[in-house]
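Same chain, two partners: chain A is paired with chain B first, then with chain C.
The block that comes next holds the complex of A and B.
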């Protein structure tokens, strides 16, 4: 992610905000689209393109769950574990996926393909138990076998051109 | 149950109104047309007369909130739509956005005319990626058709909407935290007053409303505030979307007239009831941040005041149902983990207190509890968290746990000394 690319992305929206500080979050989201996480180069680009210090930009980024300050897998599997999903078996789905991916709880597979995360309510309790790949559609109701099929399909699929997490 | 005049057009005219043409064919933009024929003050008065209350959780009268905006300040006035729907158990705004985005856009335009706003924002949670795309496409389509842009409110009278995507933080549904986030800061709540109506976005007068609230305006302005006010009862007029989830056979969203449907009817008639042989054990009727109630309260009619009468809140309408296969301590622990995760860390009682709630409930569930000592410690925590923070997140963390302990004390005492093995989850596929 270069500063120039980010500036081009931000240019058409600058007039929509009375304070350029509001550009930081869209810039962070966009910058993360490249590598799937906010590497130091992306942080520096956001700071430069928005005109705020890198320390400030990082302090904002660190507040939000879906901005990653450390590398994550090519796809992030977000399993909702809040109450409605728990009542319908989300813990079992999570454990099944962790087993299948060879992970001991949350984490990233050795080949860098997948990160498995427990997340809080993703607003799809009617589809409980549900999960979400990156910020994609909420998928459910899931049985353990569905969840592993999903992973197999993803393993075959190409990485997205840009990440939306 | 009475037959419903639906407020949300996709529910009345087939379930997908995602193009402007379809929306207009279903009566879309008649509300704005009627609004533009009256003065902004008359429009505000119509909001007020409808009795519409904020649907995000607090239930504050929408017209009154809009009337708090000062005029002639020399500053711009903003409208911010809160689409950060993150309250556990709540997925009604997602339905409106996915199936009927133009009704929200029209509602915001109507509100924009009434309060004199030219630039509005929709703050949508980062996890709603697909829903964000639906909204972005609808905004573009409305702009291309001239429904948004330089002449949206008539020749030379601009109104436009900017979509702003969050990045994963429950607290950003709290209105002042939302404003902080929209201003490019960490999403931590502000001290009130000043309220957003006076000093909101960029220090300017700002009207913040939930998706469901703003989307209710077009039919109110088209069919008239009296039509809306005639539904429900005096203090809780109109209809409300309830999201029902958990141990019910047919989870989903249901629109009901306030005050006319009981919790039992919502669960058994609309949401398909429970599995054979199961009974309701606990219900969080308004999202997870409200006191839990038991099966003795099932015959309560769903409206703001009556639910207060049984010690809980209507909240966001996110109704989570647990049957008698569930463990109330385990459920409380899971909610405590939610609030611990989502506490923004600004206020010590919340930052530390939610951690202790989760820790104590966790050790109880895992058979490492300390019996009566843990019960006493829980009880001593509630008052040290509640009412001692800038925003209501901390109260929301305490209320479900405190009410659960009051209602199911014996179970808490037992789990505190014996633990609670994980129950079998419900595996039935939802029907319908």
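The block that comes next holds the complex of A and C.
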């Protein structure tokens, strides 16, 4: 991600924000699209394109769970563990997925293919228990077996050109 | 004025006042943590100041709610007290309560407010969040993340006052922590202010870590003598040692606003450096030996009383005005007749027009519409001035910086780099900036404008012609303005007389002429002097040659008055007395007049000051009582000299731009606390110039001026101007200052590759 690319991305939306600080968030999300996480070069490019210090940009990025400051897998599986999903068995879904992926709780698989995270409410209580792949649509209600099928499908799929997280 | 009711009492406050200040003025304390007007508008981050405003829904933060007519505010009813309890209970939910081992314990706002306003107990059963501790935010600032209450004060200081954009908050909620980008050390010239600002024990001073408890110490308000800014400080003493220097809790808003630089804060370990002189030394036929102070003073008097002795007294820096005055008194009482008294410094030649301009104080910068910085570099030479200039820029004032040096202000202000030796080139731009301004403040550098009298005359004319424009001189020496007000001139005549063999006895006071400008000439001249009496706090280049050495107290230990660069006479108060065998210069001088049989009437600096105020017009009407807490402004004479002309330095080589960063001065080099930030004495060249001279890859280079030569480390910096050699001086061990002419005026230097043996040496 170069500063120039980011500037081109931000140019049409600059007028939409009264406070230029507001540009940092879209810039970070866009910058994350390249590698799937915010490496220091991406952060530096965001700082330069928005005119804020790297420290401030990092401060903003660190506030948000979905902006990753460390490498994550090619696909991120977010299992909702808030009330509705929890009551409908999200714990089982999570445990099952962790077993299937060979993970001890949250984390990233050794082959770098998947990251498994617990997240708070993703706004799909009517479909509990529910999970979300990257920033894609919520998938649910799920049985443990559905979840493993989903993982198999994802393993077959090609890597996305840009990450949307 | 607005009239409102707080806790049933009628209170008047100016429109726009925040509730917390209106209550404070009425003697009602509303507890706060994050509120600090010096950091900018209130942020309401800590919620400690919640109060009930009748008719408003919910509770209001008193720090960000302005007063309104007929407002009815309750700060101590059940609702407000419940809120205070609740906020403190939450602030303490993850606080480790390790007060017994916390450096802040006993002087901690969180502790005090918990006692006064808190619930006294917690309902929290969950385990507290733990962080490894402490974290080294920098070698000087330690961070304990568990104690932090996320008030944002330090972050606001870094972002909005120092503008170094380094400190931020990372993560959120109970994992919030202060951090720099990628964990880099917190670097800056003002980092220590975050310690003063921290209302809890999260940010503490590493050199002060576990050193003392608040009930074991004595705090003394004084003034920093590190540069000509005259920042008000507080000195912490325990066991006769200075343990800490902080900004004054009740800041002098006309000077430093409570901010001090890290050099001023952590320079105090220099008081205990290995080269501190702890005892008088006498050299006579018996040999070189330590003697008692009384004996040493008697010996000095014995030399000075000699009717044939022609005496010279050389004052260094910093020197209090009392010491200067008593040196003049002593001069009348010695040897063959009045002694010559001179100070090491820059002659006022050519500065008359600039010094005749109407003067400004630092707080006038807050009202200015245009702020110009001409020559010098306040960021490194008078650091706290930088913060005022930045504040003016944030407020919308037009700020422009002119001169040959790169400056930390360049990034955020208009900067015009002039060709070294041609400040005159900036005249057009200066005229443009001043045009139409109503309240311009011009900060100008003593050394740079003294080197270019034609530019000084022209710029003075421009400022003079601008209605409402005023000037602040950025003085090269801490004691320059005070000694000038006493009529004490610079040392050219004294050196000439010494070289001519017309001086038999020389007395130096806090002066090191051999290390200073034209040091080699001084060294040569002093060979012919019969007796050298040195008064100094630390060993200097002449200590080994002196016949008598009298140990001095440092400005942190002595009493007296210093005059700042804005002409503000302020009192130094002794914070400690570390060396029992040492004395203040004023004490020794008074003692000498007694020994000579013609005692001065003064017994204290206060008496000496009152007397000098009667005899020296600039100080008229002043005494210690009048100086009070914040000092008084005097106008030192301009020493107008209309006949000054431009001096183009002769000889070959590059023009020398001398830089005297306070972070590279003798005290910074002596203070072990500052080891991580001290600026080395070095040679700076632009990449092109370094290529041209063929020294680009050299670690050390040889620099030679007509006044001397030295082998120094090389720093190639793209921000430096071509056609000049930047000489960063200050380390007494390197003695680079002696490459400059006595008046520190323009000079050329030849820079070349150092021979192999020089490099290893």
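Just so it is clear, the second predicted complex is superposed on the first by the 165 of 165 C-alpha atoms of A that agree within 3 Å, B and C clash if a C-alpha of one lies under 4 Å from a C-alpha of the other, contacts with A are read in each partner's own complex, and residues count from 1 in each chain.
Here is the rule we go by: contacts are C-beta pairs under 8 Å (C-beta built on N, C-alpha and C of every residue); 3 or more make two chains touch, one makes a residue touch a chain.
Fair warning: this is a prediction, and the values are worked out from it, not measured in the lab.
Novice: Determine, for the superposed model, which of the two partners chain B and chain C contacts more residues of chain A.
Specialist: Touching more of chain A: B.
Novice: Using the touch definition from the top, say if A:82 reaches chain B (first), chain C (second), both or neither.
Specialist: The answer is first: A:82 touches chain B but not chain C.
Novice: Output check: A:149 vs chain B and chain C. Expected answer is one of first, second, both, neither. What do you get?
Specialist: neither
Novice: So, A:63: does it touch chain B (first), chain C (second), both, or neither?
Specialist: In the superposed model, A:63 contacts both chain B and chain C.
Novice: First (chain B), second (chain C), both or neither: which does A:11 touch?
Specialist: The answer is neither, since A:11 touches no partner chain.
Novice: Using the superposition on chain A described above, determine whether A:55 touches chain B (first), chain C (second), both, or neither.
Specialist: second
Novice: Quick one: is A:159 in contact with chain B, with chain C, with both, or with neither? Answer first, second, both or neither.
Specialist: Neither partner.
Novice: Touching chain B in one complex and chain C in the other: list those residues of chain A.
Specialist: Touching chain B and chain C on chain A: residues 52, 59, 63.
Novice: Which residues of chain A touch chain B once you look at their complex with the stated criterion?
Specialist: Spelled out, the residues of chain A in touch with chain B are 13, 16-26, 28-29, 50, 52, 59-60, 63-67, 78, 81-84, 86-92, 119-126, 128-129, 132, 134-137, 141, 143, 164-165.
Novice: If we count contacts the way the header does, which residues on chain A are in touch with chain C in the complex?
Specialist: The touching residues are 40, 52-56, 58-59, 62-63.
Novice: Note which residues of chain B are touching chain A in the complex, please.
Specialist: 76, 85-91, 93-94, 119, 125-130, 162, 164-170, 181-188, 201-202, 204, 243, 245-247, 251-253, 284, 288, 318, 320, 322, 326, 330-331, 334-335, 338, 341-342, 344, 422, 425-427, 429-430
Novice: Enumerate the contact residues on chain C facing chain A in the complex.
Specialist: Contact set of chain C toward chain A: 159, 165-172, 179-182.
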